[in-house]
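These notes open a run of structures that come right after.
Next come two complexes, and both contain chain A; in the first it sits with chain B, in the second with chain C.
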Partner chain A sequence: MGRVDFSDVKHETRAFAGVTVPVSVVPRFKRQTYPTRFLFSLKSLIDGMRLTFGYLVRPSKVVTRQYPENRATLKFPERYRASLKFKFDENGYQHCNGCGSCERACPNGSIILNTRKGEITGRNEIERYIWRMDSCVLCNACVEACAFGALEMSHEFENAVYDRRLLVYTLNRYAGPTANVLLKEENLEARAAMMTKLDTYGGPVPMNGHALPTVRALGSPRDEAKPDGKGAAS
Partner chain B sequence: MTVRIRTLDELLTPPAAGSSELSTQEYFVNMGPQHPIAHGSLRLVIRLDGETVKEVIPVPGFVHRGIEKMCEKITPRQVIHLTDRLDYFSAIMNNWGVAKLVEKAAGIETNGRIETIRTIMAELQRIQSHMLWWGVLGMDLGAFTAFLYAFRDREIISELFEETIGARLTMNYVRPGGVMFDIFPDFPAKVRKLLGYLGPIMDEYDTLLSGNVILQERLRNIGVLDPKRAVALGCTGPVLRGSGVPMDLRKTAPYGRYGDVEFNVAIGTMGDCWDRYYVRMEEIRQSLRIIEQLVDGIPEGPVNVIKASARITIPEGTYYDQIETARGILGIMLVSDGKSPNPYRIHFRSPNFNNMWAVTAIAPGWRIADIISIQSSLDLVIPEIDR
Partner chain C sequence: MTYLTLAATQGAFKTVTVSERTAQAFADGSWILALVYILAAVGALGALVTVVGLVLIYAERKIAAHFQCRLGPMRVGWHGILQTVADAIKLLLKEDVIPERADKAMHLLAPFLSMMATVMILGVLPYSPILQIVDLNIGVLYVTAISGFGVMGILLGGWSSNNKWSMVGAMRAGAQIISYEISATLALLVVVLFSGSMSLAEIVQSQDAGWWVWRAHGVGLVAFIIFVIAVTAEINRTPFDIPEGESELAAGFHTEYSGLRFSFFFLAEFINMFVVSAMAITLFLGGWMPFHIGTGGAFNGAMDLIPPVLWFFGKTSAVVFLIMWFRWTFPRLRVDQLMYLEWKVLLPIGFVNLFAAAVVVLYNLYPFPIIVP
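Moving on to the complex of A and B:
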């Protein structure tokens, strides 16, 4: 017991704003004279040190996690939101039909959706799904708004890059119709004809050959040493 | 009563030396915009006579992002994600404030399950916020150990949020007409385990920091804010309750499930830094009590009464609603023109903005080192002041 008795919380009721409010009045200090006060003060310091020393000699209480050493065993909760990605079925087909509800739900225009008229199917289909991670706040509004389950939040959280233009992704792997439409077509070649292959950085959005003073352009000769040539974002 | 408005330039003109023998030439010290006690970017211009504080002039505005203006271009569902970024330690309460206002304005009825989940989450967030404040107060006053202890326990709540909501800080969880995700079936068990852990931990906190004589001497009788002044300045939350005013929206205007549960409003007697400190410690215990009563009987039902993509059109008019966040009353005023789904104007009455001005009332007369205690006990989150 020190200068303040922490169990001395007074439970009372007060009339306030027309209602009776049950209150807990917090403890205050007791009057103490010199020698007692000195001893209590000393004891309070020793108590605190004993507590921290207790943790020092109990390694079982250590809660530190050794990131990045534990990268291999790092587990994230199912709903963890780190980056946006497309859901693909077992054939690698997407479910997005380009309805644009995610684009409308996005609070800051991080999603830009280009659609096209399919040459073979004659329907509206997705041409390029641009996701700007540099402005995205990972609010999950797009996933929530998607009625077709085409989007999901992935757990890939190590997204640091040297140039923010590298944070502009193309999410769809091909421009073309949804899985439903593709699976109706039995002929594999006809299926492939409906789809135009895309990569993460392609078209007008990413830095293709645009060098910065400190960052060399993607696809420049020095990049060939790297297997993918796409930096950290692939 | 006349109010004399002084500009910052006028305030920063050094006055002549004081009349007392001991007074010296007054001078100014800038505390901030980058200073550990600001917990953000807040500039405090302090007029000093020796070490005695004569006047404190807060200069906010370094983190202004124009959130209120941004809200005019987006729908109420999208406004929610910006309220995360007002006071990021009260994200769920801020979300709930907007959701509550929109539900009231558009006439959306929620069910018991939604309200229970919201209440539990808001109280968890309050505990988390107060724990962070506790650790940071210790760090400000030179006790770094407290910071680590607070983060160790805060992590458990953060992980609970991470698992249920998918984010740890800017959660965007409560939305008009429900919550974004349903809780997992094992959520109540996890919360009960958390409650069992946090109860004894609070005593550990008392041993480690509250009982420490150095902390007590730096908080006791320092920075007394009397209740009349606190009310006049518009202070809310633990700052006002520390002065002994039992103002708590959870009691005076119950929302959510607060009307069904028993809890006490923690108040202080004197209004010094110690009262503001211990009011928050007591609030953690009361929050544990609230969660304990709710977690065992979460009603069944859907967690959303309207679809996420539903277009909510608010009828023409001006609406106001307020909510008790971890730092006080967040008031939201919304003006709707009745045609567009976007609000015509949104204004946030942020608790921190009013609490910040308390420092001008309580700091003069104290030493410069006491400013640290006073600022820490006010528990300001600067991005909410600047919005």
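Moving on to the complex of A and C:
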């Protein structure tokens, strides 16, 4: 038993085979004498006891939440992850342009992204963004992969449902272009024409591994589910 | 130079044990009164076991929770106060499984041995001058012998379960308890030397002029520390819980026990914690004696107003809290570290300490007179 004193590390340069390199000289491992070791271990025990006693006498340090009772006043840690959400701006417009980085980043195919060619804009845009909560592991890879800040992990954790099919969500509220494109169009009616309204469960959903239009069952070939449901049996 | 001393309190407290009362009643020819005393003593012991068990288990869970930034039981009753009762009912109603290949008779006997060793010590503890069931003139020896009896239950339970975890746990428990008993006994002998008696009631009376933990000039303090460490190991509590280390041995010697029999082991463990704390305070912290500074004065008078039984249970709770504090702070020792601590650290210190105590007593090197009633 002993300790290396890192406060005594010396930084210097030495020549190795004609090359001068900077080196850090760490002092030798020193074996402590018995009384030092004894006092050191005693001190560490007392430190530990002081720490736990500090927790005992300060109830404000308690991290347990009394969940159903404090439902109204729940506070979440900043990086708490419970379910995937789209970010919408103040007009309710999304930032997703359907690039597919999240779909590629997803480790188990929980994100299925369908895109379409916008009739008015003529550009590629999102049609349906399907998130399968039943297979999602909440790893946050999609949020990190998104270059446009369109996704976030929300704190909504009360996701229990009575039917597995209800765990397949459509995250976008409309099929259509991003907020940037929409805001360039001043006319509100013209904007509305670019968008097709969707609801959370509007799309087709899987059940017990059966493939359904646009949603691929886990483990089935990728071609089975294609946009607009034409590729799959219906 | 001033010392912390206790005022003479002997006049106020005259020791009368329940067994003495019973003997007196027999001598007076009052059989019914004697019977009442016997039944009251048995009933009180049963009630003590139940109450101490329930309170300590609840306290352990709550204190452990707050040591770890948790809340502990909160649902059953106010702040989960009835949680232990609910758990006890659950344990009583559970199926009592005996493994097919187990040695049945021994498997059934083991928890009772463990429990009995604990309850038998409760009978000799002086709770207050008038609240002691029997005062043996060899009380200290009796306690040491009977607490060694508890390891029989553990060994038997582990052996008869016919399970490798139980077996290893029981063997570890045997090695540990028997090793640490030496240190505990050496520490306890220091007090016997100072008080000149082995009767627990007389040891308490001898601390009339000051508790042994500080009146014995450092020797007592060292003995107290050794005693607390050794008894923590003897009752298999963390950091010395290798006999039932969950991460290595499932549950150690009680892996194969369920229902009522498991609860017997569990209860014995918690009552043991109470018993060793009570022994520690009886020997070193003045038992039921009130805390005094100097002699006379308003402070000492106020301390005298608190009844002895409250002093006893208050001091015991303090030591119990200390043991719980150890458990929720320190990590478990390895088997070799455990043996190192006992044979290479505690035992030599204990011997030197006992020798020093003998010298102090023999040559009367301390300023306080020893009172042996």
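Quick notes on this structure:
As a working rule, the second predicted complex is superposed on the first by the 140 of 234 C-alpha atoms of A that agree within 3 Å, B and C clash if a C-alpha of one lies under 4 Å from a C-alpha of the other, contacts with A are read in each partner's own complex, and residues count from 1 in each chain.
Assume a contact is a pair of C-beta atoms (placed from the backbone, for glycine too) under 8 Å apart; a residue touches a chain by one contact, two chains touch by 3 or more.
A quick note: this is a predicted structure, and the numbers were derived from the prediction, not measured.
Using the contact criterion defined above for the overlaid structures, shared-chain residue A:S101 touches chain B, although it does not reach chain C.
Considering which of chain B and chain C touches more of chain A, the answer is B. Touch criterion met: A:Q66 reaches chain C, while chain B stays clear of it.
Touch criterion not met for A:I112: it reaches neither chain B nor chain C.
By the touch criterion defined above, A:M133 lies against neither chain B nor chain C after alignment on the C-alpha atoms of chain A.
In the superposed pair of complexes, A:A192 makes contact with neither chain B nor chain C.
When the two complexes are overlaid on their common chain A, residue A:L56 makes contact with chain C while staying clear of chain B. In the superposed model, A:G48 lies in contact with both chain B and chain C.
Residues 45, 48, 51-52, 63 of chain A lie at the contact with chain B in one complex and at the contact with chain C in the other. In the complex of the two chains, the chain B residues touching chain A come out as 74, 77-78, 80-82, 84, 145, 152, 155, 159, 162-167, 170, 172, 180-181, 203-204, 206-214, 216, 220, 245-248, 251-252, 262-270, 274-275, 278-279, 281-282, 286, 308-309.
Within the complex formed with chain C, the residues of chain A that make contact are 45, 48-49, 51-53, 55-56, 59, 61-64, 66.
The part of chain A that touches chain B in the complex is made up of residues 2-4, 6, 9, 11, 14, 16-19, 21-29, 40-41, 44-45, 47-48, 51-52, 63, 76-81, 101, 105, 107, 137-141, 144-145, 147, 153.
For chain C in complex with chain A, the residues that touch the partner chain are 63, 65-71, 74, 325-326, 328-330.
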